[in-house]
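As written, the chains take the letters A, B, C and D, and residue 1 is the first residue of each chain.
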Amino acid sequence: MLGEDEVRHETCTVKPMYNRSLNGSVVNLTLDSALLKGNPLGDPHARTFPAYLPPGYDESDTRYPVIYSLAGFTGTGLNMAGFSVWEESLPEQMDDLIVSGSCPPVIVVMPDCFTRLGGSQYLNSPATGPYEDYLTDEVIPLVDGELRTIPERERRGLLGKSSGGYGALTLAMKHPGLFAAAASHSGDLYFEYSYLRDFPKAVDALNQYDGVEGFLKEFAGAIKKGPLIPTLNIIAMAAAYSPDGSEPCLPFTTPDGELIAEVWERWLAHDPVRMVEQEPYARALRSLNLLYLDAGDRDEYALHLGARIFIERLKALNIPYHYEEFSDGHFGINYRYKVSLAMMAKALGKY
Amino acid sequence: MLGEDEVRHETCTVKPMYNRSLNGSVVNLTLDSALLKGNPLGDPHARTFPAYLPPGYDESDTRYPVIYSLAGFTGTGLNMAGFSVWEESLPEQMDDLIVSGSCPPVIVVMPDCFTRLGGSQYLNSPATGPYEDYLTDEVIPLVDGELRTIPERERRGLLGKSSGGYGALTLAMKHPGLFAAAASHSGDLYFEYSYLRDFPKAVDALNQYDGVEGFLKEFAGAIKKGPLIPTLNIIAMAAAYSPDGSEPCLPFTTPDGELIAEVWERWLAHDPVRMVEQEPYARALRSLNLLYLDAGDRDEYALHLGARIFIERLKALNIPYHYEEFSDGHFGINYRYKVSLAMMAKALGKY
Amino acid sequence: MLGEDEVRHETCTVKPMYNRSLNGSVVNLTLDSALLKGNPLGDPHARTFPAYLPPGYDESDTRYPVIYSLAGFTGTGLNMAGFSVWEESLPEQMDDLIVSGSCPPVIVVMPDCFTRLGGSQYLNSPATGPYEDYLTDEVIPLVDGELRTIPERERRGLLGKSSGGYGALTLAMKHPGLFAAAASHSGDLYFEYSYLRDFPKAVDALNQYDGVEGFLKEFAGAIKKGPLIPTLNIIAMAAAYSPDGSEPCLPFTTPDGELIAEVWERWLAHDPVRMVEQEPYARALRSLNLLYLDAGDRDEYALHLGARIFIERLKALNIPYHYEEFSDGHFGINYRYKVSLAMMAKALGKY
Amino acid sequence: MLGEDEVRHETCTVKPMYNRSLNGSVVNLTLDSALLKGNPLGDPHARTFPAYLPPGYDESDTRYPVIYSLAGFTGTGLNMAGFSVWEESLPEQMDDLIVSGSCPPVIVVMPDCFTRLGGSQYLNSPATGPYEDYLTDEVIPLVDGELRTIPERERRGLLGKSSGGYGALTLAMKHPGLFAAAASHSGDLYFEYSYLRDFPKAVDALNQYDGVEGFLKEFAGAIKKGPLIPTLNIIAMAAAYSPDGSEPCLPFTTPDGELIAEVWERWLAHDPVRMVEQEPYARALRSLNLLYLDAGDRDEYALHLGARIFIERLKALNIPYHYEEFSDGHFGINYRYKVSLAMMAKALGKY
């Protein structure tokens, strides 16, 4: 029968047999952002995003540590909480860890920093919007106001996969006062391998569709978006790393595709492998209670090499870290969250 | 801010910019089935499934026609209502059609006939469970009791994709008193092409894992399930079409893979291409107000050929139909629902 | 006819470092066939094909056993003797076996039974030409006349891969007086799996190009023939197995692709799995000194299953055989010749 | 040296129907090189390579212009003259052009500059051998001595595909006194795109097999070499562009894969895109009677972008060129030779 309660509470949380039901719950928060108002891409300023609440949340007034989970390129928080027949969603993984006693209870917030370019890299750019400020100045205060978090740096972490891993690393570098733990699953590192490989594809597509605007129009109308994603990715990265006012400045000429050294250097300046060599960023990472990295040993974007190069830097700078290399590629690796979620919940839960 | 109402109602319905919010809403219904109790696969008897309600549902006491939307193999109703960044979910498609005035308002129910074999083909089998009875004798009465449907044959239709299309066609054949419209998107037809092609893969996998039980154990534990799906599909079809008590009877020997004619014939007897030659089934289809079929013209399972062969039968039997062949394959074709949803809502909405 | 000079000055045999030079030699024979004159496809009647001669051939008047090596679909004898940087050609494999003392010296003849449909299946058909007769009545007498073979059944074998394996098996069945040994590498067996899988592709292509004639025209002009090969294969098999006068009779309708049972039965009658159940054929195989079969355990055409099903028949019929299943697919398996060449040279070399 | 008989009795030239027989002929030349003696890879110093002679060569004492055709990576001259069922070999293309009157008769020589690393890039390196000198100081004199060439710069050209195109461009730059025409089909240009993309794969493989030596051992024994070729390619390029004595110096660290700027710069110094900015090289190209370039517009190594970037340089330097971009990728493009062969034969044939 259709119970009142079920109508009220069950946003995607009641699972059939193939996945257990949650013991905790998922709620959606809505934030009408002042910062995103008038953003250059015309993306909405009011956004809804899910948060996982641990078992017993409703029956007590306990406050909990909070983990911010950042989606990868083309993803948002809503995807992380979505239902999948044979795969545990992030809330299900967290729930299972807590219920099995593998770690203390925490809240997990899955914010929305999506743009119509596929993502924002969680930084401020005049070509996308102030997503870094949005996260630190609007999302975190909202969460701390609406949910029973422990609103302290020592009880706040962030993690992500791919572009979300990039966001976790760079936000931890830039905001040492906000976060005590960071985890990057297959995060964007060493741009020479991870991005440059897709430049030729992007050159061809931009030539085909007469530039960025034409491409984005094509993309919007395309039924099969998959083959266009690598080009969208390059445009989104240009919007994040090398904006020229409200426009992305591409790191290559068209139609030839020759690299433009000055623009490419602007990209490289955003590579955590280079950022970490600035002492304030190194100090920020050194101050973390947990710095977790992993990558698949056959990552299609060579992010395992990126991770290895990055941790060589960490070693040289005396920055503690935990690194795991697992046998897989870049895709279909959501199951890896379970490792970082457990470690981070423990790191944030102890005093 | 976290509004009371949003907490209460928004199961997956608040979408960021990349997809509009719904004007209607999605609710989840839960049914603790008496029929599924003790099913041979140990699948849960209590299941939750979503239903789309048209705009204005809450503000009036209007009753609406209802469409049952059946998921394909490896899918459930919850997947149909799930969030996708760049793709309209089925509720979003329906909502858009209604709001734009393309068709009258209807309710769409997305039931759960999943099994741990990946699906049930929407029929009764001692090796899976009485999913046909479950749908007709439990789901429909529940829906008619809990939601403001017009509980009449003329106002009830069903549709689906792939195995869901198979379900729509065969349930319409078997229950002419229940449904007045049926739509099959790339439905399973002409088993000689659609299933036989995967037998060798299944033989190899079953040899590798020592039979069905060993395979299912492997499947349950596999992180990457994709390569195992074709074999799971063959096992599920055997459980549906050729059960031997509570076990699936495979249509080939192991380890050689030689076809077993008697078992293969049991499969073929379930092929709509053959079923339709039985007059009661033909009569049932003839009585429909809408019989819709489509298929991609390069369907990987040759279901466009299956559809053509089927409609040759329909022609010969004077059964009216609407057939569309579109330029695509078997996967990533959820956008096709929009065509059948509009036609069916119109067919069910007029008197 | 075989010119003196051609015997002396071998072709393609001087190899750079990456492959050794031959110790034996390769000569080209030319045969202007009376039987192929006026063949329905307009293929040439005069053909040149290579033969491998063992080391010392020129310096003695020894006579040798002879192995006929039959090319697979889309291949001819010239391909078998062709140069490849990192792969031993068939003559190189044979040469290496003889020089290393692994087997006695033999002659290997690589005839040309190619057609513009890609092959002939080594049988007589009004739609291709009398390739079986050509081989037994023209090629073998020419070889026995021009080369120092031991022109006796006990000293004559035949082998092949894929369609060549099919040819070896079926010619051995039909001509027990000619051949004492046969070897089939991944030969065409159990047509339900090996051919039927490509029917849908063929249906689509034949619809696209308006039938066989239009398709063949397209094929002739196509720069990239690869994607068209599966359809060419089906046409060639129809020309071999189900000719209708000088035309191939397809085993399915167009444009729907429905199987035509009578035609499909004509195909199946050519399947060695069925042929062997006729006692004369079984007796022929039983009389062989060597019946070798192998297949890759992940053959894309399921020919490992075909081979297993075939040897079940052999067992039941008390026909001795040697079967090997190796870890590979259907392509890039020329290295397997070395196994059968050695066994066959030994079988033909002993009394 | 070239034996009389070998000139007379051509190899591989009798073709069945699917390809016409040659009107001209192919002879094999053998050269026992003094320069290659003791080469560091232990590759043979005596090598045999084919030359195409135009129709009527044997019946007159006419002398002809000569084109040197350079094989791509993993290929040799013997491959170019090899038999293919449905594809015209280079001699067949040349023959057809001459016979149809599309261009004057020429000789085409297909030398062997292969190494066990897959190729030499047609340059001198202590890690492979003096292949540039071998070609200019040994092959050309031998050819001019043994065949009736017109042994003048104005009657000598060179062309190639992929690494062979690279060889054609760079040899034309370095030896303006030897060659009056050069053609590059999809030649290696703009190493940032063409090589860097495969570095991660190479890093992984070199880690897996414990470095270059271990990798080469694995390669030598591998039945399926395809997946190893990209790594072999990187090793071969390191041996050509950045030798460290007799060893290739890799442009990245292992196991991390970080680029080593100094080594990478050594590679880039060999990029024709950079070489051409040296005035002697520009002058050499400017002096050619024909500079032909082409590339497929979806070349997998982005060589169409490399070609465009290169011709921007040519334009800026007032170097005439002919450029074609065709609709294809990097593989299966041997049919493109026909375009450059015709243009080059005309350029070398007129005064």
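One rule holds in what follows: contacts are C-beta pairs under 8 Å (C-beta built on N, C-alpha and C of every residue); 3 or more make two chains touch, one makes a residue touch a chain.
Please read all numbers here as calculations on a predicted model, not as lab measurements.
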{"item": "Reaching subunit C from subunit B through chains that touch each other, fewest steps", "value": "1"}
{"item": "Geometric centre distance via CA averages, subunit D-subunit A, whole Å", "value": "47"}
{"item": "Distance between the centres, which are taken as Cα means, of subunit B and subunit A, whole angstrom", "value": "34"}
{"item": "Length of the line joining the C-alpha centres of subunit B and subunit D, rounded to whole Å", "value": "58"}
{"item": "Residues of subunit B whose C-beta touches two or more other chains", "value": "none"}
{"item": "Pairs of chains, among all present, that meet the touch criterion", "value": "A-B, A-D, B-C, C-D"}
{"item": "Subunit C residues touching subunit D - in the complex, by the definition given at the top", "value": "5-6, 8-9, 11-12, 14-18, 28, 30, 42-44, 47-48, 74-76, 78-79, 82-86, 112, 114, 116, 223-226, 328, 332, 335"}
{"item": "Residue numbers on subunit A that touch subunit D, as the complex places them", "value": "190, 192-193, 196-197, 199-200, 203-204, 255-259, 297-298, 302, 305, 308-309, 312"}
